[in-house]
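One structure follows; several queries about it will come next.
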Amino acid sequence: MKKLTYFPGCSAHGTSEEFDSTLKLVLKTLEVELEDIPDWNCCGATSAHVMTENLAYALPMRNLVLAEKLSNTTMGIACASCYQRMKVTKVHMDENPELAKRINTTVVEEGTYKGSVDVKSMLQYAYEDIGLETIKSKVTKPLTGLKVACYYGCLLTRPKDITQFDSPEYPVSMDQICEALGATATEFDYKTECCGASFSISNTEVVENLSGQILAMAKESGAHAIVVACPLCQSNLDMRQPDIEKKQGITYDIPVFYFTQLMALAFGYPIDQLKFPKHIVPVEGALANIGKVVPVPEKVKKPIKAVEAESEVK
Amino acid sequence: MARVGVFICFCGANIADYVDVPQVVEEVKRIKEVKYAVEYKYMCSDPGQGMIRDAIVQHKLTSIVVAACSPRMHEKTFRKALSDAGMNPYLLEVANIREHSSWVHQKDKKAATAKAMDLCRMAVAKSIANEQLHEISVPVTKRALVIGGGIAGIQAALDIADARIQVVLVEKSPSIGGKMAQLDETFPTLDCSQCILTPKMVDVASHPYIELIPYAEVLELEGFVGNYKVKIKKKASYVNSKTCTGCGTCWQKCPVKVPNEYNLGLDKRKAIYTPFPQAVPNKPVIDAEHCTMLTKGKCGICAKVCDKGSIDYTMQDEIIEREIGAVVVATGYDMWDPKPYEEYGVGRFKDIITSLEFERMVSANGPTNGVPVRPSDGKVPKNVVFIKCVGSRDEAKGIEYCSKICCMYTTKHTILLHHKVHDSHAYVFYMDIRAAGKGYEEFVKKAQVDTAATYLRGRVSKIYKKGDKLMVRGEDAQIGQVVEVEADLVVLATAVSAPKDNPDLARLLGISYDKYGYLSEAHPKLRPVETAKAGIFLAGCTQAPKDIPETVSQASACAAKVCGLFAGDTMKKDPMVSTISNEYCSGCQNCVKVCPYGAIITDEVPVGHGSRELRTVAKINEGVCQGCGSCVAICRSMAINLAGFTDPQIINEIVSI
Amino acid sequence: MITLGSQGKNTFLEAVNTKSGANVLDCYQCGKCVSTCPVSQYMDFPPRVMMQMIKLGLKNECYMANAHWYCLTCSACSGRCPREIDIPAVMEAVRHLAIEENHVNDSTKVKEMRKFHEIFLSMIKKYGRNYELRMMAEFNIRTRNLFKDMHLAPKALLKGKIPLGVKPLKSAKAIKRMYEIAEKLEKKK
Amino acid sequence: MEAEVKDQLVSIEKPGLIAPPNWEPVIMGILCNWCSYAGSDLTGTSRIQYPPNIRIIRVPCSSRVDPWFLIKSLQTTADGVLVSGCHPGDCHYISGNYYARRRFLVTKKLLNFVGFHENRIQFSWVSAAEGPKFARVVNKVTEDIKKLGPLHLYKKENFEK
């Protein structure tokens, strides 16, 4: 039984409750025990670093210090935004002990920052610490037939020197996890384009435009659904989808799943535990593809050869 | 007893205004070894030199001190005056009382005079310990080695050979020609690369003074300038080149297909092959890695069809040794692999190709018979996007420097595209257009105006697929907007990078290379073709990225250097080299370690007179020694001395004031 | 027209470099950031132009720009920058300097974005965690746009997307103290 | 312990020795031919003025400088020594200045150990293009050594001179 310190993030009790609860189901199957950080606080999200420098470090620092008091060496974070704030803080503190000392004064009552806990996103944890083989071995109901576009957003793999995970341009970890579950990952070029993130409330126009492009590219790639690992991406792509459709005059009807929802589904959990009713875009249409026999795609034309090309030309 | 003559110069007013020269003369005369001291207005002038010549004879002087300007200025002049008077020129010492005294202490004549006196004393003291030295002559092997058979190597070899000097040309692939043989037409004149190159290749093969060793590499180089010995490994070709006529039956019948390097894998060649039809030498080789006869012992078709019986599956690598006097390194360049550009989808999208691949496509003897096509579906592209600076000027993903040739070859590609596909349109994303060269800017204008290529100023940030098109996104800074081009084909102008084997080659040759892997020249401005090691020269892109005209110029410059080196039967060399005394040498070999030139080797000498027992001592090769003196300072037993800067000379200087 | 050469040493550039840890002088205006940036079309001055303006020392123009308010810190630009400039950090430095010197763009959009962040931070100060419903409500009230996103509200509430309450942190005091010390640190610099 | 030993040995410097009136130090400057000597020539051609205390010895390369030269200088004539070579990486003889630097540091440590003040032995990199820098170096070295005072007991005739 593996143990892992868990930081759910504020949205786990709100907008992304389905992420939190399915994550817990999945980790039960994968035999990972979660240990919550007692009395954790908000990471400060975008707002803190937009407005001030010190608070943007102080808020995550408190959680890091609290996490260091637990016995585990790794902290898993569900929300991508929390993950990035935490990781940025950790990397900057470890690089600059002087800064760490200064920021530490804000949470001096909680303890001294040591830098002893590693910070990972849940996607990274599943990919690196659990591994594709283990995930594959737990699959009881493969998702064969479901075509998904894996959307990573900006925060999980960027900046590269902070996250040190997967590619910042064309990551593949989530794709590989989905394929391990039996689904097909489409070739999706907007994997790491931004969805508008923190403008969700304050500047909806931007979000609708950016998320709209992502939905369009996902549709273009032939996906039935989008898979994400970030609550903000999920809410932007799912909750804003009807508005985007209205604005663009196109019907997308692409549900946006957390990767843990699909894992739980493939691991055989009953559908009523997966909180699908929480989705704004209905999921039934996409899930109906599971089990359908996919026609073998027409072989892509062979790469050019001298002779073939010649005949084309003449 | 030494008899020193001191000649003190006024240098017009340059010295006389700030140094009391007559007083210096008086002071110098008080030194007991000084038998003659005199002042004159311009010592370097003919009458001045005449005074020195006369005094040498008249006063039977044994060494001369000239107190004047810096020895870096007129040492040679005065040495010549000495030898004209029949005196060994190395008995001269110069006291630098101009740069080191009169010019830098203009406000204090007393102090300047005192200093000038001291400088004279030091020079006199040193000159007393001076010894007669003689220029060293080193024999020369008049044969040059050229490494690399691209246009640089070909040009250097031909120029040297035309001066009737033997050349050994080593090329690692089965044919000479290099990258230039892969090009279609060349900028800015659009003459056909093959047409201007192949005659030169044939000349190389038929030149009586050139020994061409293809499919070979240099293993070892030892010796020193004029007297190198090189070991070359000739890879087994499994084809007897003497009997083979190059008829081509073997490669027509060979059943094994391998990606064709000459066409960058855009088509296939056979396991027995010549790289391209105009190859020189036009004899096939067997690719041992892929030939099933050599890997699995099955097939043997080529041997069966060869009526000359030239195929020999048992052939072994051969070691060839040659004595040579100079080396020209012309190993060219590699094309940089754009794999790190993940945002462009390099590796995922088939319709992204490199410039050299495009070059092969538009080449008349290329895999597509001279028409560019999309690798994904073989269709002829209409919209082609050219992206410059892929890898160049990119510290994050590529190389810091500008590759120099991409601006021009991309310009050429837009024109070639227009020639081959009339209804096509070229879009060029660029950062700057660097067109400094004869006819270059005019050429760019031709592309922009005559063929209406659209130039967009900005670096492309992303390429993604939409249907069967590639969407290329970048900013056009000129309108300050982000633009997306719907492209059928994307051509990346990838950077020029140093050959990856260069560091190994540099170590083997004992020359240095820079942080990118380019071989270093001796001086960036004034000695751009020499290396720091005497007798080794650089031609072409192995030193830095450059275009064909520049490469050819540098190659010819190398040839001139080699010819200069070989002008006499022996080479003259400064006698300021280290000498070693066997008597004192303890054989610790510390000097061997510090010598930057490998000029010191070990030798065995009898322990005593007539003794049979041997002991190790160091031995200096005066042909190689450059006279830095590192070994002198490191020698614990003071067995080594540096002629012209011996311990007694310098100590004399120190204690003389 | 801008007159250059009279302002002497470019202290603005130095301030931005120190604060961001980046070197704006590295920028050679290739524009890769502009076409990478998902929101450059909304910015008055895209990143490349901002960099040049910093180089020229156009402090007021930079402060008054909305670009650094639109920056999402998605780090796409810095990941692709051939000179490896941390552009989001530069944007953040300009924004922080503008806030410090109280010289900020006063367009409605920027005001709204700024308001949002302020409300968000005050929520955390109060509860230690984000209270989504209250925050959205307060944002709408304070930006005088009561019905924004109201069509989403019933659905979201009904589906349990947005909870009606939040459990404040046990040690809410700790957070308040943290805010105070952080504020002091900010002033000390 | 080490510090104590140092303190005792430093007394070799004879801090109490009074400089004769108008005393000027003698500094031995050992310069490599290709960079520093050429640089000092440039100082001259540029007419940049510096104190007249330095006496320059030309050697092919700073790696030719035997520790013996430094010791002999301090022992006989000089109050201080300046050794100057090409910048790291610019050595005319590929790597000579690296050897020189290492050897110099050891020599300096030794001389320091036996009681010479560390400023009596100085090292610098001056390229052939750095005329002004050479003047700066000489200024600094001269100043340093003037502060330290004479190293040698002066004969009576020197006073008179």
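As written, the chains take the letters A, B, C and D, and residue 1 is the first residue of each chain.
As a working rule, contacts are C-beta pairs under 8 Å (C-beta built on N, C-alpha and C of every residue); 3 or more make two chains touch, one makes a residue touch a chain.
On a predicted model such as this, the values are computed, not experimentally measured, just so you know.
Enquirer: Once the contact rule is applied, which chains count as partners of both chain A and chain B?
Expert: For chain A paired with chain B, the chains in contact with each are C, in label order.
Enquirer: Pick out whichever of the two, B-D or A-C, is joined by more C-beta pairs in contact.
Expert: A-C
Enquirer: When the C-alpha atoms of chain A and chain C are each averaged to a single point, how far apart are the two points in Å?
Expert: 23
Enquirer: How far is the middle of chain B from the middle of chain D, if each middle is the mean of its Cα atoms, in Å?
Expert: 38
Enquirer: Taking each chain's centre as the mean position of its Cα atoms, how many Å separate chain C from chain D?
Expert: 58
Enquirer: Return the distance between the CA-based centres of chain B and chain C, expressed in whole Å.
Expert: Roughly 53 Å, centre to centre.
Enquirer: Two or more other chains touching the same residue: where does that happen in chain B?
Expert: Answer for chain B, listing residues that touch two or more other chains: 343, 462.
Enquirer: For chain D, what residues touch not just one other chain but two or more?
Expert: If we look for residues of chain D contacting two or more partner chains, we find none.
Enquirer: In chain A, what residues contact two or more other chains?
Expert: Answer for chain A, listing residues that touch two or more other chains: 168-169.
Enquirer: Please list each pair of chains that are touching.
Expert: All chain pairs meeting the touch criterion are A-B, A-C, B-C, B-D.
Enquirer: Which residues of chain A touch chain B once you look at their complex with the stated criterion?
Expert: 167-170, 187, 189-190, 217, 220, 300-301, 303-306, 308-310, 312-313
Enquirer: Along chain C, where are the residues that touch chain B in the complex?
Expert: Contact set of chain C toward chain B: 28-36, 40-41, 46, 48-49, 80-84.
Enquirer: Once bound in the complex, which stretches of chain B touch chain D?
Expert: 70-73, 96, 98-101, 103-108, 111-112, 114-115, 118-119, 122, 512, 532, 576, 594, 596-597, 626-630, 632-634, 642, 645, 647, 650-651, 653-655, 657
Enquirer: Quick check: in the complex, which residue numbers of chain C touch chain A?
Expert: 38-39, 42, 70, 72-76, 78-79, 86, 92, 95-96, 99, 109, 112-118, 120-121, 124, 128-130, 132, 135-136, 139, 148-149, 152, 155-156, 159-163, 166-167, 169-171, 174-175, 177-179, 181-183, 185-186
Enquirer: Considering only the defined contacts, which chain A positions touch chain C in the complex?
Expert: For chain A paired with chain C, touching residues are 10-11, 13-15, 17, 39, 41-42, 44-55, 58-59, 62, 102-103, 105-107, 109-110, 154-155, 158-160, 168-169, 192-194, 196-199, 201-204, 206, 210, 235, 239, 243, 277-280.
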